[in-house]
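Here come two complexes built around subunit A, the first alongside subunit B, the second alongside subunit C.
And now, the complex of A and B:
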């Protein structure tokens, strides 16, 4: 095992970590805002990947060019999910917590079935495009361009999220999360804030999906493993913390890559879930959690 | 009484099926300070919450000639009704400045932060604490911030729910003096208070509530001077 191989794997892991971080950020945003865990988060990722595949196959659109389009589609989908399902679940008077879990969990099952029906169960991949098959070599370290692009775009999207948090709208989000009943006293429609929160959360996971589609296989269940990692990331980073999601995503990407290198690629997630168990035992609120 | 800006008839409201207001009739004239007094559990807070659209109601509430039936709470605020609620309900982790500025969030236009100057004139202390988190303020300062935040929504009618609750006695007079200055600036006031004497001093008229009903109304001086009312309905 040479030093350059270790470095190459580490950088690859960190790049993937940026993708994990962005997926987790969307999950964390929604949870932080309204205490709803979106169990269909991985399926949103999956839908974004299929969107890329279909637009690429049918219209010949390059995956990278599709970025704004798919992000916008996911935004609309997120708003629709909130308006159509979540808002109704929140209005339930009994067993509210359970209802919220079942609604998003049911949605995830529905979306997997929907994908199987519409897109088929075959594994797909996008095999051309601006990024496809290219590599970047720095000395002895060789990295695939799609991964580098994915890491960079996810980092940019993350920066955008942090900028949003600093705007007046970001303050309104924070206020709504602190006291969802009190915002009406200052003329803020919490349904609007919740809708936009879902839109932004879905758009971010959509961006991650677009970038993944350039180098990752696409199947109806591809979202599962990413969703699992996202839950671990959010738990490690601390529920509701953006910066926590970023650092946790990087740590998890690195851990996964190193586990694959040192133990075995097929066991790469062992390290990740060991982190999860450790977090639960040592620091249940996560690195930057408030609870 | 001047022309009523708030016109309430037969207002009913219930908590978990338990009726808390049994048909309240109440008017607030433009520019008035109207006090609602009564013992604990008389329905004073419920009355304000019902007007602000925070619970479902029966009967009619008209504000500036417009019915508030089935208008959602955030729209009621935008129509010009500000509520400083029981327990203040600030955004504890946001700074004093953010709490104030968010008061203007739902409004558009260049003038929306204009009430800030008035808030700082009323409560210079808030200006000294702009970057502090709301949760680090003392009870009195939090009350000032809650009033300031409500003023940032540029209300025509400001409703205050026991502004003296949980604050140092020394500050109670300051708060009530501020209420008077808010009225002098042209804002109509509907205030709920336990502190009878001090409140009736700044009020034009008052309503006495008992178990969800208006049992007495009149000028503040009449209510203040009537020992029987005080004993019978206010427990003092």
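And now, the complex of A and C:
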């Protein structure tokens, strides 16, 4: 095992970790805001990837160019999901937790079925574009350009999310998170904050989807494996913490790659879940959790 | 089939037709009933659940073969002349389908129902080897032949059953063919294959395949430079590909399903790694959606297969059979599975024809005497001839290569339609 191989694998793992982190960020945001675990999060990722594929085939738009378009679409979808389903689920007076779980879980099943019906069950992929198939060689280390771009865009998206947290709206988010009933007294519209939270959460996973679509296959169930990692990322980083999601995503990407290299590729998830169990034992609220 | 036999059948056909015509004019009503004579054949396939698509494709394929035997399509293959089964007075094949739901227990009870209530003369099935285990055992108990169309687990023909017949090669044969090909290729180029890298998904399919390949490599004196297992649902195959690159083997042997095959080929490309040769164990690599998803990246990929649709020169029946299947099943081409289903029913029809009876003992004797040359089928095999266990001993698989956007057969040489490309 040479040093360049280790470095190559480590950088690859970190780049993948940035994608994991951004997928988890949206989940973490929504959970932190209103204590709702979105079980349809992986399906939002899948819809974003199909959007990229369809715009690419029908209009010939490059995945990168589609970034604002798909993010906006997912924003609207997020708001619609909140208004149409989540707000109603939150209004239920009994078994609220169960109702929320079933609503988002049901939505995930519906979205997979919807994708199978509309897009078919075949595997798709975007096979051209500005980034497609390009690699960057630094010495002996070869890195795929689509993944470098994905890592950069994910970092930018994180920076944007952290800036949002410092604005007036960000403070309103924070206040609503602290006490959703009290904010009404100082004139904050809880419903509006929640819908925007869902919109932003969906838009971030949309951005992750666009970047993934330029180097990953697309199928109705593509969200599953990413969603599983996203739940672990959120729990590892601490529920509701953005910086936690970022650090945890990077940690998971790196652990996964290193386990695969040093131990065995089929055991790579074991490395990830072992770290997770360790953190739960030592620090149950996650690395950066405040709950 | 010997020349004499073929002549006999050819000679009997016009006589039979003339006889039927004569009788038809004299005794129309009674003879109409006689001409309706049917041979019932049970087919057990998953028609609901996740594997339903395979079952429905099988239904279409088997029906096409039944139509060939019953109708008047004059296909250039054994039993392709039409007009029913001559040996049974022109009796027509009638298929009765049962849904196994891909569940061994249900397959067992459905087989029992077909035999005891529908009185079928034989059973054809069943896609997965797990269902074939129970079906073959029920058939053995009731002494009804089971024609295993596409079950590939080697253990099926090692159960000591005397009513089990399998025209298809097994997983052992498939891997053996890959190493035969490597050996023949090395001999031709004068460059011996020194090492292989095995990469496989870690469920039964991939692990079994890797185990067999490791054994064969050892036997052939080829070094296994890497043996990498991974989970088919993994979100990334970068490290796996890096390990392949580090192993730098002469040939990469992947056993993968569709999504991971796509991810593997794309990751290789993205990381700038081009293996000297990829020789795949069918499955994901031969799935049409794999080709659609990776496009030109699949160029040069080789895979084993049991069917080669382009071998029309040596297998003249393929275009006509394929056209019938396409018309019957949403414009799909025959594939690895459906071609073997067509052939399974062909074997059974031929045996019924020679048995001249639907009696189970006579039918089994005829099945045991089966000797069909490869060019009388649509398969690239040498032929169909069963050993004592009911396993076809002449069913050699083929190796295909993806060249300029199409699969071409490259091995064995007598059915090949293209030469090997690449330098390994």
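Quick note on the criterion: the second predicted complex is superposed on the first by the 289 of 291 C-alpha atoms of A that agree within 3 Å, B and C clash if a C-alpha of one lies under 4 Å from a C-alpha of the other, contacts with A are read in each partner's own complex, and residues count from 1 in each chain.
In the analysis below, a residue touches a chain if its C-beta (ideal position, glycine included) is under 8 Å from a C-beta of that chain, and two chains touch if they have at least 3 such contacts.
All figures in this text were calculated on a predicted structure; none of them were measured in a lab.
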| item | value |
| --- | --- |
| Touched partner set for A:141, first subunit B, second subunit C, both or neither | neither |
| First, second, both or neither for A:37, with subunit B first and subunit C second | neither |
| Partner chain in contact with A:174 - subunit B first, subunit C second, else both or neither | first |
| Contacts of A:264 with subunit B and subunit C, given as first, second, both or neither | second |
| In the superposition, subunit B vs subunit C on subunit A residues touched | C |
| First (subunit B), second (subunit C), both or neither touched by A:185 | first |
| On subunit A, positions contacted by subunit B and by subunit C | none |
| Touch list for subunit C against partner subunit A, complex | 202, 228-231, 233-236, 238-240, 242-243, 246, 258-259, 262-263, 266, 269-272, 289-290, 292-295 |
| Footprint of subunit B on subunit A - complex, ascending | 168, 171-172, 174-175, 178-179, 181-190 |
| Complex contact set, residues of subunit A against subunit C | 1, 5, 8-9, 12-13, 16, 122-125, 127, 133, 135, 137, 142-144, 146-147, 215-217, 219, 224-226, 229, 256-257, 260-261, 264-266, 268-269 |
| Contact footprint of subunit A on subunit B as seen in their complex | 52-54, 72-75, 77-78, 82-83, 85, 89-94, 98, 101-103, 105-107, 149-150, 152-153 |
